């Protein structure tokens, strides 16, 4: 069992430790960047081919008009939610243990949203006309269709992405100032000078900063909920069996938080190892994150069961048939794997000893994420393969290598963005760690005084 | 009378607080604690506000205006464009349907709110700003800075107060 | 944007379509006197595929070839489905059942509302239009179509080998486009024909008569199983058939179906999903005395 | 990007300005500026070529022998679409898929465009002068019997010219060959009714019992019969809704539309017909009754596999509802006792008193020289024998593809090579044209002039085939023009008045205008009016059906026990779109799913699920179908609509040449047919071949329209709904 952050850690030491992560990349860093670049290259290659030839090369067909692209899109959108959870919700709740880990979680939000946005593009049959979906006054005198959940989706993602970027940036300004003050002169210093906007930590700046940060956090919470509800609306607003479910929005939101938390555990472990952040990303934090994840896992499990139950007890025979098909048909292995990964694997998190076991939690978090990806796939594909119309059902459908390639590439893209982020933005929020340490030491002091005073 | 800036660095908030309280209580000519004193700190510390006395924050007004105008803009833009583009007739649906418009209004409400809040933050916090000449990188590390603007005459008084409270460092700069 | 336009259209805030198939209450004021509809008599349909081939000829449908067909990428706007009886009979001694399935031109179409760019809309003559130029290929319409009768251009068929090798491109009908890759397409009720007929009627200053326009499938059908026309015109064959079969357009459940023992055979597929399809089918009859 | 595929500029080139606005509104790059060809506007448009307005010209469909009257939609000089001619008594404005695909035959990318001369292994393009001169050279000094013409069924003025040419050459060798033809039924009809093709009135029958006559799919004149069928099914006609009973071993399209489809053991159709006669009891002439006495219901049931209950039920139905119509089709006639089957079925029809009610005689047409010479498969046997003996020196072939359609056992290809000079008049380089020494490229049916008299027509008529557009290729010629040119080589003086076949045809019509309903009219006016309609009524006298029920010569063989080595009967099926394979290169037809199996772009082996289970075959298994004469491989399709003792494969697939869409698509069933012939007519007994099925171990996913549910509606209500006739009131229907 690791120790929590030492309360007597020197603030200068915090600066040093974190700033170290920004400089002098280790070989491992370059290896990861290279691998990520290769993966991304595969994805780009597949996309170029698909762009040239048409969507047919993705192996999509008449009933299966959406494939892995939409499933993976939801996956990435979902992953973005944990950043908001950690930085906004826990911020409002004054859970100080979020402080060392929220920065990279927020970055994850931003980058997974950017990745998700790519999938919207990749999915379009006429990518070169994507701007038709953008609402702006134009010479064509046309507007997008505001009734379409896809448009709500685009709008929600745009709002979410830009708000997240702003949130991430605003929250990093004091840290940029630290970087500015400590980094050797050169382009990086200039960059940080620019990014810090002349931040000096004056009382006026801090005062406004606090209110702004709180306000944006307040906005982000309903926004995050609305984003995934809207993604759920893409499905729930349609008439298709297996999608037309009232509980979809909360189900999606829970799934989103779930996959995001799992991803945070994964990244937590990786960053902790790569940047030697053992002092900040401590075991108690991991433990808290794991417990939170477990709680969300149970919420998700519940909503998952609700979904099955509401289908099962409805009189919608077709939806029921889709459910049976999920459990017994061609996609049954994946469906059962999803249930296993999503609802059974998290029970390992109940074992106290394992909650802080790095290898176990790493494996578990990966499994959870796999389960969440499968969940999205199992939402999208079986409904297409087994829709209302018996004649057009298609059980032979299997995504082509192009689809897999682009999905694969998206992980490379995400990793690449994250790697670049790690070297530019401090992945641990220095000033907030200081705050945390400060408040904790104050509390300890008070407690000691209280004890001495005796009542 | 020319003014000069002085920056004193302290190890912790307690010391800084003691200095500020003393400065606020003392009557130094050409120095008004409310206007001429700036506390620079590496972390946000709510108590700073307490010992500095109440100072208003106006960001929320930006928020209110931003959110409302975002929402209104969205609704009228969407409803207006739908009503203007009659050919987008959807079987079984009104030309201007409220439920979907509400979703977008909601999103734009938040978008406007966030954008204008941040704009308000920049305005209220005076960012981006030139850095003041008296700045120490130690402030962003672990020390508390007290930046004062004072008449040349009173500089010595202040310096003595700073020193009394074990200032780690005192920087001075001739004023304008 | 213009204010007058805006106010005028705002005043049409409530939908103009769908309206009752008996005609709009204020018929004169109604912008369109046309609601195209179809009825298909499954007892007459022999499943011969003539309609489907006619559709290929009329509407520039690409022939995708074996490989793409095997991937489920066929482009037949009009497909003939063949069903067997499901009562576990050992031999299909009542033959097969054929069902020509085409876009049902729903009045409350699930596809229309979901298109992000408004590429599929409702026309004044009650069709479910598809604007190829506007389509960005999100395929949401197809995802939401319960009948799966929307067909996506998975490839750029005009430049695909052996789709229209020279000189086959000369057969293409210039009255409508050849669709490029990435757009959705579907049955239009032979839009080019209805449009011409409406124009001709307008030129001659008269209303459309029944028989002014035939769809390609209807025209080819050797057994006249398909009838097509204006549902608002009480003289049209299609209106008479709907009337006789007591099928009403804006109903998710027909009154006759609630009453037991009706001896009518008109029905619409997935009526209960409330898309108000414009195609009525007549049940296939099988002799009870054999 | 694929080169030389579709070129938008080509598409525009023929359009002129009028069409560009419409044509350009599609998607993708629409630049026409990068081409160097000139777009010519119609400053002075040709008559009837109004830019962007479609003009309709009447003509006659040449896709099958039904000879439907069509109208072609022509825009900017291109024919775009074929539609039925509403004035026609044959098809009344309707058209089948096969006919629609006629435009694809016209615009086919694999047409022969130049005369080809083969010398050894090399092929060279030659001029028409050289081609005709070569023919003349080769014919010089030959005796009449050394020259032969192999054609399909022909009629009209081409037939006249052909006969004239053969006369000139002193040859009597005109072999009219159709691989799939109702030749046995013709013969038995001739015997029973006195005519080969009596007129049928399906619309007047209350019951139709069809022994394998696929009149809705591929039999004789399907579009015409479909129209009658639609009437027959109408609940509001005086007779009420008709009942269709189809008896066959493999479900045809007609069988799929039957109220009762009765699978029967292959070859026992005649026995069932006799069984029904026996069961009828009353009203049967004594001699017939005596002959039918042996066919007790029990025995018939045992022989045919049709339950006694069903036989009696059917008998009752026929008794109760009269008039009825009993038809014999290819499924019944394709056996070595096919004529006997057909005779027994005709006998049943006669006994039921349908002659004169639902069946009557065709009119006797005045111009006998124009009436069709119908093809049969006997002709090929005869020709094959002659070739085998090496007697032929020059063989012309037109409209047939015997190298493809002849069973391997005939060794036709070897025998063909014994003919020193073979001329093929061809649209495509099909298998036969590949063997020919000289290939003469033909105009498409939409470019050519011609006239025809359909074999089956409700009213006597002479149909005109006229060009719907200019020749796509400068060096193709019409068959009439070729014959005329060949005749001119011999008798230039007699034909010098006719510059080309068009003037010949016009002359022929104008000369007989009085008989063709144009008495007293101006020549030009008559001709123009005739062309406008593209058909004229032929004068004719009412015919009558002769003959009364007779059992003379009727002997049905006992059913054979299935043979050990080849236990299954192979029933080659004639699909409505592929027929005998002559249209295999039309992509619309390849992509148009088979109505029953919904398979596209390939052939298949229909096996009853029970049989398949016994053999361990599942759908998609590549199976080898082996007969005494050879074997082919194809994919297995489990099909409930087939007798368990039979397997079926569609004809028309498995071309080795003919073009990009036909070549290599599926397997050719003709190849493995055994040399078994109908005893009376000598026709190839197409259903007589026995086969065995073995798995090859390979399995594919069948490419078909039908989804994985195999045509099940999964219990969803209201998709394709069927209702029992007592639950519905049809009499008030509109």
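Every chain is named by a letter (A, B, C and D) in the order it is written, and numbering of its residues begins at 1.
By our rule, contacts are C-beta pairs under 8 Å (C-beta built on N, C-alpha and C of every residue); 3 or more make two chains touch, one makes a residue touch a chain.
Every value quoted in this text rests on a predicted model; they were computed, and no experiment measured them.
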item	value
Set of chains adjacent to chain B and to chain C	A
Chain ID, smallest distance between chain and overall C-alpha centroids	C
Result of counting contacting C-beta pairs for A-B and A-D, higher pair	A-B
Rounded Å distance, chain A centre to chain D centre (Cα mean)	65
For chain A paired with chain B, centre-to-centre distance based on mean C-alpha positions, whole Å	30
Intercentroid distance (Cα basis), chain C paired with chain A, Å	43
Chain centre separation in whole Å, for chain D relative to chain B (CA means)	89
Shared interface positions of chain A, touching two or more other chains	126, 142-143, 145, 147-148, 151, 388-389, 391-392, 394, 396
Shared interface positions of chain D, touching two or more other chains	27, 701, 706, 712-713, 715, 719
Two or more partner chains touched - positions in chain C	1, 74, 79, 81, 83, 99, 113, 118, 156, 181-183, 270
Chain-level touch network, classified as line, ring, star, complete or other	other
List of chain B residues in touch with chain C within their complex	79-81, 83-96
Residues on chain A engaged by chain C in the complex (per definition of touch)	53-56, 59-66, 123-127, 129-130, 132-133, 137, 142-145, 147-151, 154, 234, 237-240, 384, 387-389, 391-392, 394, 396-397
Chain D-touching residues of chain A, taken from the complex the two chains share	126, 317-318, 321, 388-396
Residue ranges of chain C touching chain D (in the complex, touch as defined)	42-44, 46-50, 52-54, 56-58, 63-66, 69-70, 74, 76, 79-86, 90-99, 132-133, 156-183, 216, 219-225, 237, 240-241, 244, 263-265, 267-271, 281, 283-290
Chain C - residues contacting chain B, complex	1-2, 5-7, 9-10, 12-18, 106-109, 112-113, 118, 121-124, 126, 128, 276
